[in-house]
């Protein structure tokens, strides 16, 4: 059984940063992006961001387009970060009306998901956090966050809510910062449909070993609901082409995803600022497929033995032989 | 009620690193170090490291010395990191006999603690982790760690076991890496005498906001058992004099320790490689006492309002006025 | 003689990031921003960014406004980063016409500077660098950068060109990355009007000690031409209110700026995403003024002795006594 | 013409850290280490650390052993970091007698080098720096460092002195911190026999791209004198097996070393704390040989084209095809 690959649709669009807010490229229309996604070898699904990609207004149209191009809607990511009203938080915002709006926005996404036959809501509350010392009421705000997340999980027991962590950006500190924090949050929600998304770049920038984080979540009762893939230089969420910087740790991650029975999607989440978006996604999937085929039965057996033994010289030799094809 | 200050005894001794393994200073005898600790204004207790400071053989002698100098034994830190046998782990080591030895060593520390009337064992399993990709069996090793910790907590229900996390060093990755990971571990142990130690430097180097970590642990049922203090430049465990680099975040931490009812010790944990050890500890305590007296009733009221409001300009102005005494 | 404070005008405007490209606030008009700058106690000058703040078209109008509000134009920052055409570099771009456009843009800024009686061009070639391994021709591109900078310095011998370094963002690696790299570049240009800007946040995120960087540049023949101020958590260019996180290192920096005869501007360069811009700048200036008045003659004498002695316990005690006003 | 590989002899010995100062392994005798070095395929030379490996007393004996095992002495690394007397600096120490001792120690190493027919002294002044704010007299200490280095370079014009930079450890800040800083220092010395050593791990932890640093040094008149190899997780000098974490950047580095005519040694500098030292070095050399043979004429041509074009999708595809052998 092979891995299922997807992509966040916006990867194929224009991308901006704070210095070039108009973006480095031109914005293609929705159909173009969907077609481009469909053309990428291996891609079977897309994730859609609320506001940016999907709204109640265009849900039917997007649904038709996906159908036409043979793509599944893998997840909806409610927009809890991309409008002025979320500037100081969504579920944990100090203003009651903003918290209520976050609930509404997420429920709107849930309704769209149901309509599109999509079973997963990926929640990234990127604005929920703080920037300065002496600015946040940790007790109160963490409680609000827990409360809001519990409400949405309870309201849609047929959908899975996967909480995506990221230690910083756009805030200097986020409430859902690391794998363990977020597993604790899923535990506080206490419902079977609350789980965690690992974004590989977020795990790396948090100083985590991606594979250990995956194991920890799976060990806690299959709480790894979803995976986002990208690469970076460890200190920031550079959102680069998968495998452009790291190799060994992706091999290890894919090994452990298999060992712990992960059956979710392998979804690309890049920010190809200056690159051709389709090319960047295509390369990322091709890299992961490369790792996937490297992990044949014999390799799985060998790695099982390597991690049992723990001899770094042997582990490194194994890797080297694979890279330089002397294995 | 004022804060209780302590120090890890070794702070007053010689300190080495990998390039200068004989250490930067001379090693004083135990009595000298204990006397020096007692001389520091504010210090009421010491923490003792197994092997380095305390063994079954010298426990009575150390107990007498502490008594003579009016110091309490605040915690015992079993040596699970300072001998060749722990080089590849203690509770999670791949060799069964090493895991058994870790159990024994910790129980030995527990016996000494009982003898000295000390209620807390501070467990820092610094060698439990891994260095390379494809080297560790995360599932198995994490399970062993949980099992071992559960056994010691169960065996000594009259003592509290406080798990100290640190994301790296001496391994490139530790199993008890961050506050939330370690709270999950305490939860997995599932006993009321399992809790967590925050070392401020470890929290900082893990990218945590110290105060939020403290709140998270206290929110989980008073799981913050112990505090170690030192300062650093955020990227490594420099173990510097408290307050030499940071200020705002220590003020915030002490505020939240008070708000969440922390009643444990404020213990210094420095590595004054090239500094006079007593001076470095004295400065650290004096800094914290400075923050403590800054946090008078009016300040507490003001901070409560600041974190409720969340206006960074006001929070920063408050801090500035305190520093430059225009408040 | 007291320090001269300025602000980059855009600090008072709307600020965006890649997730919220419309910005967290509303964009005020130019006059409002200039008036707000003038209202901040201590502010005597502004820096203007090409395209964003100033163009050939509005130069006269802006000049009049500055005059009306009693502000000096302290520097022009040519826009070499905020348009699609600079997306892959300016002076070091692979396309000849982009390199030519960078030259033109900078010369246009130089002409405006002359017109406004401003003697300094602050060059931040933020897009000049690279993102991926195997992507850049370091030899060629570094040569182009040197060539372009030499040309503008030679063309306007009456203006000073101050090169602002930043190790990353928007590229994962910039060519002008650190203080020493940039001093080497100024040396390669080899003209007296080529110097370096220290942005305190950029220095911190590059792992530099700001004061040592300032000393190094001044030691090289007074090559510190300009200073930008902001604060961060060391790992990224958070562009926060000055003094919100750090204190000791700013005291040290201001001490050494005075010792090495720095006579340039102290200019605020913040990104107050969610904060009131005027308040954030006002706080930043007030913090630096606080440090400035702390550094009276006695303090200067004391620090001179502390750095001669190098005893960290005494240095820290000095700082602590100043903070808690027991000195 | 193929690359010349060497190893620092101590890589094959015992290794300690601050928690386990007796070391993780047993210390073999000198002959054993030299024999082990000679056994590693590709190794043709060793580097010797003063005090640790070589002294005036054992120089003849070591010379004979090297001869017997067919190894060249590639460099001497004077001990300026491993004794209490260097605890607060060597060439830049505040005490005149320590600075004089540093000079002597380095000259002693130079004499030994002459005797062993070794043409390179690798100077790593690891203790020259500072830990705390307000502790160092940057102006004075940097001047002393320049002066001392100039004296040794002038005294031994027949030897090359290669300055090894490292941004931190054992100090929190070093004076020779980054490639550009150190090139400036070599420039200040102003003699043809002053150059720079890149330790790949030090470059990575300083946030540098190793290849760009090499190009910068070579561009400055062939100032890259020596190379140390190891790998790490970017944030600290983990001194791991080469290629255990990174791949793309080593390929790029070796490409540019060839392009810029580097003809020096490729010397392994690991700290295999818990690993078999010989195995770790053997793996590191084998990895670099793997990269070396990957860089055949066709690959060189292809990379030349890739860096000219700068298309990250193509660069990444090239890399991926090489890894997964579809190229």
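Annotations for the structure displayed:
Chains here go by letter, A, B, C and D, matching the order in which they are written, and residues are numbered from 1 within each.
We take it that a residue touches a chain if its C-beta (ideal position, glycine included) is under 8 Å from a C-beta of that chain, and two chains touch if they have at least 3 such contacts.
Note that the structure is a prediction, hence the values are computed from the model and not measured.
The chains in contact with chain C and with chain D alike are A, B. Among the remaining chains, the Cα-based centre furthest from that of chain C is the centre of B. Centre-to-centre separation of chain A and chain B, using mean CA positions: 34 Å. Each chain gets a centre from the mean of its Cα atoms; for chain B and chain C, those two points are 39 Å apart.
Residues of chain A found to touch two or more other chains are 88, 131-133, 168, 207, 233, 235, 241, 244-245, 248-249, 274, 311-312, 315-316, 319. If you check the complex, the residues on chain B that touch chain D are 15-25, 81-84, 86-88, 126, 131-133, 168-170, 172, 233, 235-236, 238, 240-241, 244-245, 271, 273-274.
The part of chain D that touches chain A in the complex is made up of residues 207, 233-235, 241, 243-249, 274-276, 279-280, 282-283, 286-287, 290, 293-294, 311-313, 315-317, 319-320, 323-326. Chain D contributes residues 88, 94, 130-140, 142, 167-168, 173, 177-178, 180-181, 183-184, 187, 206-209, 211-212, 215-216, 219-220, 248-249, 251-252, 255-256, 259-260, 303, 306-312, 315-316, 318-319 to its touches with chain C in the complex.
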